[in-house]
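One chain, chain A, links the two complexes that follow: it is found with chain B in the first and with chain C in the second.
Now for the complex of A and B:
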């Protein structure tokens, strides 16, 4: 009986082993792409091991392409021009590229695999994106689900950025984590305080990064981030400005307000902050302080579920319908938005309807 | 049995089509037949896997399992052979056609659990085919599956702009079309090739 069991197991294991060997050989001979040359902007040349995505091959060589989804093909931020060697356009890339972009050879670098020599063009400012090592210095409880996170930069010691830009933070492994991810977060500190990075992170149920930050990250933990990225910063003009934010979307505006106050900005600014109940409001006192220091700035928290907060005497409902009432001259107004995709879409739509066409936001997909 | 392998090959396509006569291998058939190109790609992948696994499984059964009196292992052994060959197919496709690899997506590894594959291996054992007959049967079944999925993809393509009652889209109308195609293929059994 025992002999029979052993024979069975050996036969099965033997067949399995042979098949596994076959697959290893196939992988070695077929999936092996050798060394490939990446030529960037017709000047810089890199030699990389073939078989990886363009995004990863570049980041291994310290060139950091923006990516909010960490290479999964769901954010569309990693676009760049591939003039040669990118292979055919993949169905996973099509939803994120317009017809014009496709005709200009734009590809999603997280989907393009480097299999042969490849020639690409990337904007010059991406070369100034650095990788930073930092440590967790402090966490501030803003609300029941939102924390302020202060990361002290160790190497390099400071970051050069415009108020409103974002960084990409890497999570670390923790017991329930299925993988390590990188996520985009706007910087909440002003460019003056550039030896650290302040982020505002709201807990997302089952979210890999937010669970890591809220439950597992402790003081003095080492963290890695890259940046600065993004086109979200205050444009130099004297137009009126309308800020719209929800939840952790407060982050860039915190840094922006600190900077604008320091520069004694005189522009007319309306800041609408949307929250479900009064429990979701934070930094209200700081914003009220700015109202005192800057005559043309006003802060308007808007609660969408006032029934839960009977003491609330401020604005209620959703933000987009309120814009029409408060805007002064739509043609001379700039809109700055930061929040959930739903809020961004609804607000942009309303702004365009009332005649505001200079609208800025970062979409984190 | 002395049936000419070529006759077995033709029979597997027309009179004994693994999909339209035996109704095996329906799930990826129903899902991927939305587009003709990916249907052709998947059909060819299935053909490749079927031909190879029929050959290998015949050899494993007759030269390993039977001599060692381990016939009852046939189910799991056939499955791991199929799984390994599907994985091999994936590596080959990713290498030579990344576009096809991405458009097939999850359906490529799903070939492993396509019951047509295991079905063909088991049928050739039950029918006691020789090696050449087994390979002919596997190849024929593959072509038969390819023909069936291409036919359905073509018909669904024609139906794209047509009006269908609500709820009849996708699976419902595909099953009805498959049934009608199966009826049509029964007509082939009137052709007395195997006699």
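Now for the complex of A and C:
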């Protein structure tokens, strides 16, 4: 009796396995979708080999949709509108889409397979995102845990961007890290110096990328990055500007200040940089130079732990409570913020209380 | 134990060097299913749910966030500090969206119980009942959580 049961189980398992194998073979040999057409924004047309994900099909044609998870369907960043084709909405996409987005045919491009012709809409600025190969040219120790990183671009040799935008840098495998990861970093150079990308990278405990940069990456190492991304850049107006940054949040403002100085910007600018102690301050001399060159610019480093820096003569405490007395006309002031989530949250709250409602920052997705 | 390809992938992502350098399993050689099962039994014995724990951790995280990376006293007896970091992570469980980086420490001054967690801890507890493996850097022992958050 037991023997009969075992034989039956084996027979059924065998049949199941055979069917699964047949399905895999059928998909491999028969599911040839041929060439498919991707129409973008009703104007650009790409011919791609069918069967691949929409995200990959686009990136193979140098159109890079922002994605933080590498197409694994976990970040929800690669949304775009699919007006025709693409098949039914998948259960793996639904958690990432609002009811409104679903009604407007938004999809996760990493989950949509290109099996037929397909029409999509994407923001025009995504066409300017490129994949770059570069080499580590120089690393500068700004503080005990923060490095300036300069990556010379090799292919393509230059990047077009607005001061303040960010790139996604790809790590490499190293003894402690089995996987390659991509992380977002604001560019610290100005668009005029576009043959390289400059970043400011602070070591994050357990961070795969920051450990790679701080401990494993060496001069002349080859690196891959994509960009530019983001809408953190200076708006064209005559409003006063308040910059608030902390730590590596200095990066976009370094590039922005280079650009504003070159353009001889006359707008009233206050730059508050928060640090725990004087050991966490960097680029202070550079910012003080801008004060000499730009009459309407002033730089205000603020130390939150003055007891650890007894010689400090500047501002102390936290930035948000200081803002009110410096703002001239809240209705004619723009706030630009970059730093830790706590700094962003507290500063945005305070700015809104004061009456500043034009506040810009990049949350990197 | 038979596993789906997705479960195999999750087990791999929980190991060091995949999502974070140290990973989430510590020196615990058990499958994540077994870790979850044992911890869920423990919290049941303690009379709480994973959702209640996650809600409590969320409560302190949100309150501490507005305190600019410095220590705050919340509800009179909890000293909480949220050290935030720029950037976001994906969950090893493939949960929705990106999760902020950072570490929150809480001291219950009445019983001196201290705990430390990350926003990713909250997501993994709420969605999966995963408190991390024994010896993992951010392992949260249910008994310690109970003592710190509910006593």
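To be clear about the criterion, the second predicted complex is superposed on the first by the 247 of 365 C-alpha atoms of A that agree within 3 Å, B and C clash if a C-alpha of one lies under 4 Å from a C-alpha of the other, contacts with A are read in each partner's own complex, and residues count from 1 in each chain.
Here is the rule we go by: a residue touches a chain if its C-beta (ideal position, glycine included) is under 8 Å from a C-beta of that chain, and two chains touch if they have at least 3 such contacts.
On a predicted model such as this, the values are computed, not experimentally measured, just so you know.
Trainee: Could you say whether A:96 touches chain B, chain C, both of them, or neither, answering first, second, both or neither?
Mentor: second
Trainee: Classify the contacts of A:87 with the two partner chains as first (chain B alone), second (chain C alone), both, or neither.
Mentor: Touch status of A:87: first partner only.
Trainee: Taking the superposition as given, does A:8 touch the first partner, chain B, the second, chain C, both, or neither?
Mentor: Touch status of A:8: first partner only.
Trainee: In the superposed arrangement, does A:113 touch chain B (first), chain C (second), both or neither?
Mentor: Only chain B is touched by A:113; chain C is not.
Trainee: Let me test your reading of the model: by the given contact rule, A:176 touches which partner, first (chain B), second (chain C), both or neither?
Mentor: In the superposition, A:176 contacts chain C only.
Trainee: Check the residue A:194 against both partner chains and state whether it touches chain B (first), chain C (second), both, or neither.
Mentor: Touch status of A:194: no partner.
Trainee: Comparing chain C with chain B, which touches more residues belonging to chain A?
Mentor: Ranking chain B and chain C by residues of chain A touched puts C first.
Trainee: Which chain A residues lie in the overlap of the chain B contact set and the chain C contact set?
Mentor: none
Trainee: What residues on chain A touch chain C, complex-wise?
Mentor: 68-69, 72-77, 95-96, 176-179, 183-184, 202, 204-208, 211, 247-249, 304, 318, 320, 339-343, 345-346, 349, 364-365
Trainee: Which of the residues in chain A come into contact with chain B in the complex?
Mentor: Going by the criterion above, the answer is residues 7-8, 11-12, 15-16, 19-20, 22-23, 26-27, 30-31, 87-92, 111, 113.
Trainee: Which of the residues in chain B come into contact with chain A in the complex?
Mentor: These residues of chain B touch chain A: 60, 64-65, 68, 70, 73, 76-77, 80-81, 84, 87-88, 91-92, 94-95, 98-99, 102-103.
Trainee: Hey, which residues of chain C end up touching chain A in the complex?
Mentor: Chain C residues touching chain A: 15-22, 65-70, 82, 84-88, 90-91, 94-98, 100-103, 137.
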